[in-house]
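This is the structure I want to talk about, given as structure tokens.
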Amino acid sequence: MRKLLLILALTFACKKPPEPAKSNVTVGATLPLTGAEARIGGFYKEGYELAFEQQSAKGGLSLGGKLVPVTLVLQDDTSTQATAVALADQLINSAKVDALLGTYSSHLVEAQSAIAEENRIPYVNGGGGASEIYQRNYKYLFGLMAPVELLGEALMGWIDDQQSQNKLPKPARISLVWENTAHGKDFRKGVTAFAAKHKGQYEVVVDESFELSAKDFSALLNKVKASNADIFLADAHLPDYITMHRQYVTAGLCHKVISYGARGSEKQAAEALGQKNVEYVLSAVWWNQQLGTKGLTKAFVDAFQARYKRAPEWYQALAYETARALFTAMEQAGTADKEKVREKLASFSGDSILPEGKLSFPSAQGQQAHYAFVVQQNQPDGTSPIVWPKAVANAPGVAPNPDCAAAQ
Amino acid sequence: MRFVELLVAAVLLAGLYAMMAYGLGLIYGVLRIVNLAHGGMIMAGAYLGLALHDRLGMDPLLSLPLIAVVSWSFGWLLYRFVVRHLPRGATGGAQSLLLLFGVWLVMRNAVYLIFTGNDQAIRTAWSTHAWKLAGVSLPVNRVIVFGLAMLALGGLHFLLTRTYVGKAIRAVAQNPDSCTRAGIDVEKVYALTFGLGSALAGVAGLLGATIFSFNPSFGSVELLKSFVVVVMGGLGSVAGTASAALVLALVEVFAILVLPSYLTGAVGFVLLVLVLVLRPGGLFGQKVLG
Amino acid sequence: MKLGIALSAAALVALALLPFALSPYTHNLMTLSFLFVATALAWNWLGGYAGQISFGHAAMFGTGGFVAARILLAGALPPPLAWIAGGLVAGAYALIWGHPTLRLRGPYFSIATIGVGEATRLVFTYWDKFTGGSSGLSLPMVPGAKRTLYWEALAFLALIAVASWAIRRSRLGLALFAIRGDVEAAADVGISATFYQDLVLFLSGAATGIAGGIYASYFSFIEPNDMLGFDRSISFVLMAVIGGVGTILGPVLGAVVFVLLRQFLIGSYPQLYLGLYGALLIAVILFEPLGLMGLGHRLVRRAAR
């Protein structure tokens, strides 16, 4: 009750006086720690926390020759847009943070970044990959995820290579299902554009959307089943991947190539579905720890391994890199001043743990980073080697799916 | 081939729908109360099954009787301490509707606090297996769920038509006043019926949880589908409920031939409104436990 | 009565001057409260006056919001006209499903509205050309517009409050109360339930739609699952019922408490507020059918004694 009164009092309180010079930098963030995206929200949290711990171990941020402690205010947006928006508003206008780190998943980032833009506060995210978010040309929004269209393209690149080796039929019939979000639409664009460019090689026989966090995909899978496709390409978030693939398996489906977009190699999926059922699933991701053989990337993989006793996945890497990019920009600007940090981020260019080793936020792309995806494929032994692009591949990959022959 | 596969899918789905709906129809038929907490009971059954499975390693098939008993007791208590004090029938409808809706909200949030809002699923050894029969694949879990639902409905039919308790329930449904005169404890029958409806919902939730993933809002769609079935199938008749469930499942499954699969979920809701509008008056069927 | 009018006018002036002294955070909360208070009042015309409990009002909130957003994105009309257009479409949509279903009484109508609400939500999330799918729509942000929107929301609230009072005292209000009491008796004295219920649903739907439009402008981002979700519909019911069904001040109280409680809990227990409201709802039905208003009256009477 007293707290409620406090809220009431706050509600009617007048504007606070201007703040004195910073003795402490606070960075706000929300993540989906519960709700549909809870698992991945937890991964991002690990990445953020590692970055903040490392920075604090150095004594904080070096701003204009002075070490200033930096703290993270992290809250749970419950995987819903309304909460993400309300919390961002609270963080900016009530907790008075100096900058925001993004939440995870495109539809939450899209909603939340509007609040940051409106309040003119830097918003750096590694969780929103849909290009639609950046087409709004916001000035305070920076994204580390390469566009999802490139993801669809990367998958098709490997498939095309397999087809040219006559491992897949020509034309190959594609069943394309995508979540009904900007993320899914970008994925679909990437795949259909590729198919259109390679006339006669691919035929998209199912092209359907599904609701984010649906609980039952039977209707969709019945349609996929009826289409008799060779290739099953889906774009789904982790919980949807697990639910859908479980129903996929029990419906007796099997395709020569199976992919759930960026999902597939997660340990949780193998545990939930059984190793046998996730074999040969193809996925294209923003980062893979097998890239970590030297330099920054290796340092990150080692530090993560030491802190959490397991290897990082792309989720933690992107979160870590997102926080690091903000720190670097603040140190380069020599201040936590929102406008100066924004300018530094806009002209940012630096070494990175991301696949091409460099990070920048090109203004032509609405300040969304661009780099190539890595395609990986689950193997029966539980590993997921990189199969594409050829320059970084450490295995050829398997097509068509050997399990289908046994099933039929 | 395709037709047969869709048909099989629809029939298997219908079993679960019938079970979800029957509890709702039974409570309405006897007490004249629309139990909006039905969705909450379905959800509670799912989470109870999850807790027993994950913490104690109990297979859902084993925990089923336990969940039936727990849900029955919950329904009984809910009736004794809350629902009993409410007005019935057309004029008091809004009050009981809102109250049971409040119960549902509280249940949802209690579960949210205990289990968080994360998506859950009960995964058993049989949850990713399928049998092949003449080229048609039969998911094991769906077949089991269908079989159990049929068994439960059969048992219920027997209870209502062949036992003293069942006859008492039917008599109360038809005319509570004369029952009092005939020496039947009407309140006891009401509490029993409320428990029975809740037990059915809890078990349906448990069975559903082995097929779908779920979170605390699980049960709202199921509640609506139950309404569709009850409205179409009439009250208390096992055959009526089963055939209405089959119609709903068929319409939903075959809708993919003409609709994007995304919208097949809306088909049930549209059907609900249509049936309600086209059959006013006799909405919940005149046949009461016939 | 005169005192009441004077007090209301004073409150209105005070609220209108307030934004000069508000932090942006409080500013947002206040605007949100205005819109929810207005919507709760509009819900109450149907749910309280006519006794038809709708679990599907989010359908109109969303329709109004998206139509207004589309008009604003196309730059076809200035914001207030876009909201009104959105409201009219929402009202018309309410009539389309409401005309046949309003013949149903009590729980049957409520159940039908759950179906309507969910079906509308599914269609809206699917229809990405219009609504942007699950990702929703972003509206361009106009610097300084929030201050204006605050006043516009307040003006809209004042309008709805006056309308609530006027409807209660008008022939329409009397007819609705008669219908709520006994449809057949009302028909005997020449009150057409169909006409009056259709009319009030249209008004209620249109007002809800306009609120949706202002909401879209204020937050410059809308998304179908948030605008049309079942939780949204529930919140309208809860605000009105907990505040006091059928009264004017009740929904106002209910909505203000709702917004504050939700905001207070969102940081620590993001979803607990619905459960608390469920518990309140049970208490209200069992002990105080007139909600917070009834409780207030009781306290006043006790104090007077």
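Here are some notes:
The letters A, B and C name the chains in turn, as written, and every chain counts its residues from 1.
In this text, contacts are C-beta pairs under 8 Å (C-beta built on N, C-alpha and C of every residue); 3 or more make two chains touch, one makes a residue touch a chain.
Predicted model only: the values in this text are computed from it and were never measured.
Any chain touching subunit B that also touches subunit C appears here: A. Placing every chain at the mean of its C-alpha atoms, the farthest one from subunit C is found to be A. Chain centres here are Cα averages; for subunit B and subunit C they lie 32 Å apart. Look at where the CA atoms of subunit A average out and do the same for subunit C: the two points lie 37 Å apart.
Centre to centre, using the average C-alpha position, subunit A and subunit B are separated by 39 Å. Contact with two or more other chains is made by residues 122, 126, 271 of subunit C.
Contact of a single residue of subunit A with at least two other chains is seen at positions 34, 78, 180, 209, 211. Touching of two or more other chains is recorded for residues 117, 221, 260, 262, 265 of subunit B.
Those residues of subunit C that touch subunit A in the shared complex are 21-26, 28-30, 122, 125-126, 128, 132-136, 138, 141, 219-221, 223, 225-226, 260-261, 263-264, 266-267, 270-271. For subunit B in complex with subunit A, the touching residues are 2, 5-6, 9, 13, 116-119, 121, 123, 127-130, 132, 137, 139-142, 211-215, 218, 221, 252-253, 255-256, 260-262, 264-265.
Within the complex, the subunit B residues that touch subunit C are 34, 82, 85-86, 90-91, 93-95, 97-99, 101-106, 108-110, 112-113, 117, 216-217, 220-221, 224, 227, 260, 262-263, 265-266, 268-270, 272-273, 276-277, 280, 283. Residues of subunit A that touch subunit B in their complex: 34-36, 38-39, 78-79, 180, 208-211, 213, 215-216, 218-220, 222-223, 225-226, 239, 242-243, 246-247, 249-252, 272-274, 277. By the touch rule above, subunit A contacts subunit C in their complex via residues 3-4, 7-8, 10-16, 34, 75-78, 80-83, 85-87, 89-90, 92-94, 106-107, 110-111, 114, 117-119, 130, 132, 136, 179-185, 209, 211-212.
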